[in-house]
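Labels run A, B, C, D and E following the written order; every chain starts at residue 1.
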Amino acid sequence: MMSFYDSHLVLFQATFTGLILALSIQVPLRMGVFSFAGAGSYGIGAYLAAILVIKQDASAFVAIGAAMLATAVIGLLLGLLIFKLNGLYLAMATVAFDLIIGVIAINGGKTTGGSTGLYGVITDFTMSQLFTITLIALVLVALSEVGRTGRRVDAVRDDPELASSMGISLRRYRLTAFVVSGALGGLAGSMNVLVRSAIGPLDIGFGLIVLGLTMIVVGGSRSWKGAVIGAVIFTWLPDVLTAIGAWQELVYGIVVALAAVFLPRGIYGVLVDLNKGLQRRSRERHDPPPAAAEEAAGDVDPTTGDVRELALNEEAVP
Amino acid sequence: GSHAPASGKGLPAEIKLVSVNPTTGVVAFAGASANKGYQLAVKEINDSGLLGGSKIKLELKDTKSEPQTAASALTSAISDRDVAAVFGSVSSTEAVAMSPLAQKQGMPIVYTQAGSHGVVVGDYTYRATPLMSSYYPIISKFIKEQGYKSVGLMYTSVTPTLQEIGEKTYPQLAENLGFKITKSIATSATTQDFAAPISQLLASKPDVVAALEVGASNPTVMTQLRQAGYEGKVLGNSGASAGNLKPAGKAADGMVWPADFNFQQSAASSQKFVAAYRAAYSEDPLNYAAEAYDAAHFLARSIAAAGSIDRVAIKDAMKKEAAKSFDGALGKDLKWVDGTLQVPGVMVEYSTEGEKLLYEGTGQ
Amino acid sequence: MSAQPVEQTTTPVLELRDLAVHFGGVKAVDGISMKLMPGLIYGIIGPNGSGKSTLIGAITRLTRMTRGELLFDGASYEHVPPSRLAQLRVTRTFQTVRLLPDLNVRANIQIGADARTTSEQKAGRRPSWFERLRGPAASPGVADAIRRTRLEGFESYYPSEMSYGTQRRVEIARALAMDPRLLLLDEPTAGMNQSERAEISGLLRDLREEGLTQLLVEHDVQMMLDTCDYVFAMNSGQLIAEGEPDEVVRNPAVQEAYLGKKWGKDA
Amino acid sequence: MQDLLSVVTLGSIYLLFALGMSLTWGTIDILNFGHGAIFMFSSFTAYLVLQQTELGLPLIMLIGLIVGALMSLLIQVLAFEQIIKRAKDKRAAEMQILIGGIGVAIIPLAIAQHYTKSNPFGFSKSTFKVNTWTMGDLRITNIAALSIVVAVVLWVSAAVWLRRSRQGLALRSIGVDAETAALMGIDRRKMALATMAVAGGMAGLSGVLFTFGLGAITPESGDTLLVKAFACIILGGVGSMRGVAFGAFFLAAAETVVLTQTSGSWVEAVSFGLIFLVLLVRPSGVFGRAEVRRT
Amino acid sequence: MLEIKDLHVHYGNIEAVRGVSLDVEPGKVTLVLGANGAGKSSTLKAVAGLERPVQGSVHLNGDDITRLAPHKLVRRGVVLVPEGRRVFSPLTVAENLRLGGYTAPKEAYDETLARVYEMFPILADRGNGAAGLLSGGEQQMLAFGRALMSQPKVMLMDEPSMGLAPVVVDSILAKVRQMADSGIGILMVEQNADAGLDVADQVVAIARGEVVYSGVAGDARSHASVLRAFLGEAALAEQ
């Protein structure tokens, strides 16, 4: 008998690297920076790690570290160029960046292995290392969602102008978004190539953007929990669907569409809304109705407490 | 139950093989065709008693044309101790993702088609398909016969195979045969409209046009070549087969290409396969099926020689088996070189009536 | 009420010299100079489109100025980015309510308090990275701001669940939570009724007693009279009058450009 | 010269495709990533019909138009309307629409892939024959000429209609604030449906013309065009009709030049690199207007 | 005549409006007063079709128009000037006005436009500028002007004087009176109760989603509770 874990090892690995890739898009998105540069960084990270391992015999950690450093720096440079762009214009610029990375990979000759890509990237990188690194990255991202940083990120996204008048440097936050996104992308790419041992131009195309975006939107784009949910679903769903056979793609499409339609803020959003609903309910039970506060503001006669009674009394004007 | 040895040689009653191939997605046509070849061969092998009383059970796993799914399917096959060996994917990108896993974890795997580097990486990995660059030079005869003195070349840089033909094989041919390449244009994955490169090519006034594009682009290339007023033959690649040219109608007439297999080829072993295939599926076999058929027989012979489904034993047996030559669907006296099968190749011309066999290669 | 102490030796909290903001041909603010002395409430009145909000925008550096000088505590700051103004503890409310839709009332107000912690950090102790990430657990300033704007009971509400007037209170509370030295208010009571306005006016006067300098834009003349120590009147981007509130209200130019029949006939 | 003609032909195909996308995106704020699937599936339907009976060009175009419009309507009713109804705010809706469109697009793609096994399909059974007209050195096919005419006519009418007509204005207002638009007496649902139908029709039409022009397309052809159309619209500036035309011809020209003058494998890098550079200079596209914002 | 009967509006489990009934008669101005969060805007939104009332009915000249889609209501002459201006920011001022007249008969269009421009000359000056760049008060003028363009029969106004200079408040309220005099029914929420009372015929006070006072405008001024609640203590002292 084979164990479930062994036979699905690739999927476990893909869940972790997919999660990091999703986070590389989620982090900037949460700051209102519509950047898909994470996908390009993924490519850079993957190729760089592969080259280091193959040509320099680098160890797994050196390869990952170097890939992250390089993609963070590239993220910063890219950010300096385009952080002034907004919305989908920014998205377009980063898509262009990603596509250019892909083309460079094809045309890189020996260095990138052309359309074949690089293979035989074999190190002693283990599953538990993969897991640990992913966990650390996840915790760091999660910390950026709570407390002061979390609020400030919300402010930068929802109202940049308000944010800057509240002492938040937009430039700094947006550049950070690019750097973090780059580093996460590089991390995802380098870890992926280390577990998969091969990378080619087709692995770093437009599909990565779609996959990452689908993960976070369906999972819930406002929280790392959404990214986790999304990464799990969209890594395992195709495997589950193989059972259906010929029409699995069709079902996949239907699942994505249904999720987009019926889960307005992702699966995690649904959980949050449920929670908000509960809060509201308990609020109504325990707290004094806020209308009372307003009533006070409306200056109701303190003796009777109700305007209506006064009205009925037809109280004369002094 | 299935572990009980059925013969003295230690083979179980049922030998589990897995085909990890795309049956949906962009390369589904090749994967599906290969699977037909595997199934036909498995049936023959089971009927022939080659494995004594043991029967091969073939399981098909769809990669959806995605490397990750392919790798995942392979991993689960590896972790299933009952699986004796695997038929690897027709797609290079998938194959490259699978090979290191198979090699590292000791799973005998035989690919078809996947023509890039990084597929055959060690003694567990074999490829029952010749590299296109190995037989493509049989086109020399055609070029000489037609008396072409210059070629206008267009190739895609998307697939390693076609890129290599465009960038290495043609320049080499030009040197050997003394023709001139008037223009060499690379196209990209997203190029859908070839009008501009075609008009450039024709402006360089070559005797003949060579167009090395992926399967689905071939009808467009032919249509647009004809629209641009080019009437001559077009030197292509075997990606144009499998019905890909049909939508171009008459415009596609006159495309020629070297192939590793054509159902009209003369070798007796080939014709035996074609007959069996026709009987089973009532259609003419494609090269993918022929390659798969040979791969399956190669593996079955190795398993029989190993006398067990121990993967190391199969690996060793494959090595011995690959030292011999054999007659198969792809032709007669086929040899393995560095884990990759070699064939003489055939030259084919397309016309609306069907593919016509021009001539057969003789091997080196 | 105290008059503008013109010849005082203390440095003004805020000083504008010949400030101008032009948008293409529109001269929204066109050469304004003013000094705000510590601990007083200043008012700006003026017809719609006379440049009041633009002036506040320029003072808070959110709107790019065309020319002029800005001084805070005597130091010029026209090249300081808006985000650094929070460190000087200059803050504002907006004419259109600007709350963060995904945060509840408490968190929205906490945003203001967060800014204060940065300015405190600049002043002294460097907090650990974890403290910086989390921010202070519960700022006393937040509870205070909630109490003063009478938002008790609304802490866990989200902006979309509240009426317009209530949202405006949150806007004010957020500014208060920053513990400002200079507070700029752009029509803080729009959408409130008279008694609610009186209450806000009371709040502003309390703040003045605590030494907070304020610049208030309002169209409610009664409120201006009740609240301000000194009033500027603007028209077409320029100052047309300044002085004590009742004085300005009696100014014929102001009456013609701005005041309606009620205040006009009082004169 | 011949290259210029190639640019114009290719550009008009891009335009025809991007026009519908731009229309819904620029007015009712629906960035439909199912547009490519509509394009492909309309053509695919025409192909299926052609397997049964022989048809001429006008009828095939009509099929493309109708199938495209119907698919677009279906997507609007089943997916986008539902998303908008449920979404909390506009930005969330935009994201959901994006992903919803991607999801919906997989469905027709899977169907077409299933039937064609991803082989190319074309209209070789049509009674319409593509002819080439020669004028001196210049060669142009009747279908290319038709594509250019259709693209230009549709573009001009869309642009004029949006700019001048009452409904055009109403349409733009829906994209800004649908609720307030309703308060102006505008039936936002009907307008949105009409727009989607028109956009879908354009996609279907371009699918048919494109298939004729190239001889064959594959089920995946729509996806490739989708990214390019997105680029065209962004480059020109979202919501600008002049912009989308500029974008389409700019991209066609860039691609043609790269493909013919240098190594074709750099095509995307160069054309998208150019787009990147243009955005650095014009952050809201060449003809786009900066977002209206003030304090 | 617009009759609102026993209207209830809920948001989830918040009961914002709990049984409001009031009438709007042609030629009359009905003024709605109430504290923040009392449910004034919710009432207006429900009448205009932007929120679905859970209970109650709205009749226009005897026809049931409860839960009719907003655009259909506009075609019947019921127009809302929404709270918080809601101009179409990226569109020009002129386009905003044109949209206001979307359903209006074409004959009177030019004349109405001229009247709007006469009332708010700044709108004519800025005709080709983006509406979103106007100052707060200018946008409020635009919102009001836009509503005028539709030539309504019943006009619902949510704080039309918000953010306007006193002179402009006077002219807007005068205009409201003038419109009422020409036979339009007006339902107006106005926090500037003092000025609002000058032009109102009827007054309805709402607290916590319920009507707590309703009467003739003249009486309201002399009614201590209303004065205290909506005009402040100062108003009492003045008397």
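Here is the rule we go by: a contact is a pair of C-beta atoms (placed from the backbone, for glycine too) under 8 Å apart; a residue touches a chain by one contact, two chains touch by 3 or more.
Treat the numbers as computed from the prediction; the structure is a model and nothing was measured.
Steps from subunit B to subunit C, taking the shortest chain of touch contacts, total 2.
Using mean Cα coordinates as chain centres, the one most removed from subunit C is B.
Chain pairs A-B and A-D differ in how many C-beta pairs are in contact, and the one with more is A-D.
Chain centres defined as mean CA positions place A nearest to the mean of all protein CA atoms. Remark: subunit A and subunit E have CA centroids separated by 44 Å (rounded to whole angstrom).
Computed from the mean C-alpha positions, the centre of subunit C lies at a distance of 29 Å from the centre of subunit E. Between the CA-based centres of subunit B and subunit E the separation comes to 76 Å, rounded to the whole angstrom. For the pair subunit A and subunit C, the distance between C-alpha centroids works out to 37 Å.
Residue positions of subunit B touching 2 or more other chains: 24-25, 157, 188. Contact of a single residue of subunit D with at least two other chains is seen at positions 88, 110, 113-114, 227, 263, 265-268, 291, 293-295. The multi-chain contact residues of subunit A, meaning those touching 2 or more other chains, are 103, 106-107, 161, 246, 249, 290, 294, 297-299. On the side of subunit E, the complex with subunit D involves touching residues 48-50, 69-71, 74-75, 79-80, 82, 86, 88-91, 95, 98-100, 102-103, 130-133, 146, 150. By the touch criterion stated above, subunit A contacts subunit B in their complex at residues 2-3, 6-11, 14, 103, 106-107, 113-117, 119-122, 196-198, 200, 202-203, 238-239, 242, 245-246, 248-249. Every residue of subunit A that touches subunit C in the complex is listed here, in rising order: 143-144, 146-149, 151-152, 154-155, 158-159, 161-171, 222, 276, 279, 283, 287-290, 292-294, 296-299.
Against subunit A, the residues of subunit B that register as touching in their complex are 23-25, 61-62, 64, 66-69, 71-72, 74-76, 79-81, 92-93, 96-97, 99-101, 104, 116-118, 121, 157-160, 163, 188. Across the interface of their complex, subunit C is touched by residues 11, 14, 33-38, 41, 83-84, 122, 133-138, 140-141, 159, 162-170, 191-195, 228-235 of subunit E.
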